[in-house]
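Chain nomenclature is as follows: A, B, C and D, assigned in order of appearance, with residue numbering initiated at 1 for each chain independently.
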Amino acid sequence: MAEENNDEKESFEEDEEIEEKVEEIFEEREESPWKDALKRRWYRFSSNPLSLVGLAITIISIFLAVFGEYIVPYPEHGGYFHNYSDRFIEPFTTLEYPLGTDNYGRDVLTRTILGFRYSIRMSAVVLSLVVPSGVVVGLVAGYHKDTWIDTLLMRISDIFIAVPPLVLALSITAMLEPEPLYAMMAVSLMWWPWFARITYNNVSSLVNEEFVQSAEIMGDSKIHIMFSELLPNCAGPILTKMTLDAGWVIIIGASLSFVGLGAQPPTPDLGTMVAGGSDYLAHQWWVSMIPALAISFIILGFNLLGDGIQDAFEESGGGS
Amino acid sequence: MAENLIRVENLKRYFEMETGTVKAIDDITFDIKENEVMGLVGESGSGKSTTGKVLMGIHPPTGGNISFREKDISIPSAERSKSIKRDMNMVFQDPGGSLNPTKTVLDIVGLPLRIHDMVEGKKEMAERVYHLLETVDLEPERFMYRRPNDLGQGEKQAVAIARAIATDPSFIVLDEPTSALDVSIQAKIMNILIDLQDEYNMSYLFITHDLGLMRNIADRVAIMYLGRFFEVADSEVFFETPLHPYTKVLLGSFPTTTEEEEKLTPDINARGEIPSAMDLPSGCKFHTRCPFKEERCLEKEPKLVEVEEDHFVACHLVHGVDDVEYDIEKVEQVERDFEYDIDEIKMKTE
Amino acid sequence: MNMKKYIGKRLFWAIISLIGLSMFIFYFGRIIPGDPIRMMVDPRTPDHVVEELQRSLALDRPIYTQYFIWLRNVFQGDLGFSIVTRRSVTTDVRRYLPRTLELIFYASFIQIVGSFLLGIFAGSNINKWQDHITRVFSYIGVSIPAFVFALIFQLVFAHRLGLFPGTGALTRGFPIPTERTGFLALDALLDGEISTLINFIHHATLPAIALAIPGMAQVARMIRSGMITINQKDYISMARGFGLPERTIRFKYLLRPSIIPGVTVLGMQIAMMVGNAFLVEMVFRWPGFSRHAINAMLSSDLNTIVATVMIIGIMFAIINIVVDTLVAYIDPRIRFTGS
Amino acid sequence: MSEKILDIKDLNVGYKTYRGVTSVLYDLNLEVNRNETIGVIGESGCGKTTTMKTINQILANNAVIKGGEVNFKGKDILKMKKKEIVKLRRRNVSMIPQDPTASLNPLFKVKTQMKDILKYSREDGEDLDFKEETIKLFNSVALADPERVYDSYPFQLSGGMRQRVCIAMSLAAPKDLLIADEPTTNLDVTIQNQVLQLIGDILDEMNFSAILVSQALGLVKKFVDRIYVFYGGTVVEVAKTQRIFDNPVHPYTRGLIESTPKLTGGGFSAGIAGQTPDYVNPPSGCRFHPRCPNSSKECKTEKPEMVRVEKDHYVACWRQ
């Protein structure tokens, strides 16, 4: 029996044309598999105009967050500044202050743009902490479905899901000094279970799929099965949730600041500005409303983008 | 006489459910020789797929034991040695489900090569996969970097077969490999399987519910019903001179296309539904549906007895009255006067 | 009937999670550096008050004993001492919680009715104007935080149009009904003070709608997408194949399966509403427990914070179990096989 | 000439998909005479289900009818108004589904669904004793324990029982045309045989015409008078049942019969090369030419007309 196998092995080396052909495919490969997968995803993403609007809004928000301070007309209005003579100017009445001024005479447009950084940073920091940890917990618990690991991990994450996120965030931040860093930590601490839950749901439904069983009986290591076989299949739902949650985290962040547990005045945090302006709501509505609309603008962007990503990963085959 | 590649003795596999115990496999014994295709046929709930999965270690057996080249493998695949895992592999029923949708064909077919580090570096992997794709009639240029959802059902199953033979195993379990394929594509896949079996002298456990397929690939066939063997025989004997009523019923339901086939399909039908594996009928498990049912079929469960050379049957009728010689006329006579008609069914819907 | 088993299992795990939650929140409150008492009270408070506080919070004992003491007290109905109101937290809860519950109940009613009407309205004429309007509404509902809605409503309907009172639960001059159930609406009804009841509802409308909109948008979206997926199912085209009238198909065979995704999300959205109540009550100065809890949080009143988290956790668990029972009732497969 | 119950002329149907509008049915012609049972044979994706769903107008909403006529008793269904179609479904055409599990609403008991169907299918629908009528129908389809089935949910029944309930539904009222779309594909072999025998008896006892759709030629041999062979969305061959088996003319029909494994052994034919056509840009001319062993130039350019081979035996192939 063994001798025959050796003859076959020699035949591998002799086939030169196989090697040339493999070279050929190698060069041509660089673009083919990724290109058409991306093309298909982009086609489905862009078929809904709203998703493109979402993408545009998100790009604008991130641009403002990063380069805001360089393009605002009155950068010094971001800190301690007051100019009572220009107090409460109505929006759209003067070119000098296009969106009017607040109770200290500071330009509302400048402070709102500066505010973008705090909201986007909040989302970025929270998501970068929450997504990896939650996904790994969900992956490990999902793969070891119905074992003690599953019960332990998912029950721990249930603790944080037992209460609405805003309540827990408020309570935890309240116990610490009101500092944006603590707010972010509090939100992250109780947001990872949501990603653990979504990954767990996806992985636990895939674990009995035949391609996983096939990898197991061939002797593939657990780590490789989890991270290389199962995880890529959850990329769609996780990416969608990440984008939608970016908006959610901003709402939570703004709510914390609104209550006074986030960034303290005079920092131009959108939530804090909305709270600050609410005392003058009756007559000088713009002081509070403009930052509030800015928050909604960012969140709308993330929601539209998230739905677009969901469509892109939807595996709907053609009809026949 | 080729020695035994696989030996299975009194294999049992029960599944504990909330509502009771499902006896998927209820004490079966068989062996598979080198370079032999053993067929397992039966309807859903017969336990044929579970048998394949237990052999591969997806489920550990509840009772009995299995040995592969004299090494005991009655343990889940995780605990089996790498050399055994390299020497066995499996092709699954649903072509779409058995390939990872996010991987390219190169990654999928190359996975076993990587696990058993039979190649160093991407270049040699691509060459080995190139060769494997050629053996399953898939042009490597077109398919190497494709993803499963860009492949037809037949092409997916060909990729699954290429993956299964990648480590040059001596035994492959084929769990209804072509039931999801159209007839025209199924013929191509079956030809590939038969050629590979000769070329690499492998042994197959071929599982299907389609008797036509079985007849054209299996050397020996075993028919299963609710976890037990009812009849085991060489392919010709099994199809030319079937003895067990259930085998005849299955043959009778086969949709024939040629005259010669008509002769092989007795006009017998089973009655009622397949009982649930949760509460198995007493005595012979087929008595609730068997047209030739007798008193003793309800009490005693017939054993698998070697009625002829290499021809085992588990049926009281066939065994004759206790140990009296088996009389073939009695069975044929009963066949003729049983006529299926609709009113009789309506009356007796017990 | 393994319905009981199904609910029993959910109840069991809910209790375990709540206990876990109580341990977490209790422990978290105690491990922060610095003396919690000093942090809570202003420096001028006399020492004897500080000692009394320390004794009542049993801060000198090891953490887990403190936890069990706290737990024992809770079961005896004593939620500990509140720094802000200088009274037992239990009395605060009894005084303020009913207002919040009434608001939540009113908002949930609006949300359920609103989301189902919207969802069905959009789901039954897909890609027509009704569908597009609902989608725009749902994007707005999801993107604008509840407290911004509250501010907008207060600005537009209260200050500018004067249709609704902007703050508080009852206009001065209306008699406070005698305290029977603690629920203002019920007590007013029992007293026969219909005008008080109407005034109370008039006050509660704006905050209730502000609370209801975000959830309403989400649930409507789920019902709409549910109707689209179910509409493509074989059993619906079979029903059409037998010539059943469109009316029967839409409101019987299509509606029941498609509301399931909506109902499952409903539980989550009502819980989110409980969270948002904190801010909406603040904006409308609604005398509810959430607004009280905000003040307690701002002055790190540990006992009230822990009590708040536990009460809302229990409310959330009850809502989830009610929703699960509702879903199990709608879908017999869950009732019989628990899957 | 017996009156034609159904006469489909040059039917063209496609589906809107993200890759463009497909062209599935391509100049398809099919006739059913009174009290005749015809078989429709074709592999997956050949357009048989699309044709059947066009007859009683339950096509998916992304379907596009590009042209042709579907004359039922002389009136073109495609031009019927909504009310007429509903009447057609109640009084004239009924369908046995391919997958009984997906065709019964999981949230309603069998009795509720039967009641509605009886109410709207029968003229005297309003004042029927629905239970008694249903039990009578269940007995005529040999359903064991009809009382229990009447009062249970679909998921509590076995596959065979669910299909019998679907058959009972299609017999709720006397119809002119019964369509059975692969009625036994999802059933076990022995149950499959029982259900087929049952349908055979129903066709003999009741005098309506029927279309029996299947993937396997052998299955319908005993029950149908004529067989239409479908490929690539059009009819490639039609003949009396026995003639199809004795003298298959079209290369696809021959390939189909040869590739079906025989009980008498003899190994496998080479099967038919290639894959089912891609309907987004289908092969030009005869859609079988890419897989046809002896395809010539005109096969690639023009669609072959139906050519008469003998009485009642036509084939669409240039090489005959």
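In this text, contacts are C-beta pairs under 8 Å (C-beta built on N, C-alpha and C of every residue); 3 or more make two chains touch, one makes a residue touch a chain.
Owing to the predicted nature of the structure, the values given are computational and were not obtained by experimental measurement.
Contact with chain A and chain B alike is made by D.
Setting chain A aside while the other chains stay in place, the touching chains still form one piece.
Of all chains shown, A has the CA centroid lying nearest to the centroid of every protein CA atom. In terms of C-beta pairs in contact, A-C outnumbers the other of C-D and A-C.
A straight line joining the Cα centres of chain B and chain C is 56 Å long.
Computed from the mean C-alpha positions, the centre of chain C lies at a distance of 53 Å from the centre of chain D. If you average the CA atoms of chain A and of chain C, the two centres end up 26 Å from each other. Distance between chain A and chain D, defined via averaged C-alpha coordinates, is recorded as 49 Å. Residue positions of chain B in touch with at least two other chains are not found. For chain A, the set of residues touching two or more other chains is empty. Pairs of chains that satisfy the touch definition comprise A-B, A-C, A-D, B-D, C-D.
On the side of chain D, the complex with chain A involves touching residues 15-19, 22, 24, 45, 47, 50, 60, 62-63, 279-280.
Of all the residues in chain B, the ones that touch chain D in their complex are 43-44, 152, 154-155, 182-188, 190-191, 194, 209-213, 215-216, 235-236, 239, 249-258, 260-261, 264-265, 269-274, 289, 340, 342, 345-346, 349-350. Considering their complex, residues 1, 5, 12, 15, 18-19, 21-22, 24-26, 29, 32-33, 37, 209-211, 213-220, 229, 232-233, 235, 315, 317 of chain A touch chain B. Residue ranges on chain C touching chain D, taken from their complex, read 231-245, 248, 252-253, 256-257, 330-333, 336-337. Taken in their complex, chain D has these residues touching chain B: 43-44, 139, 142-146, 158, 160-161, 188-194, 197-198, 201, 215-219, 221, 245, 255-273, 275-276.
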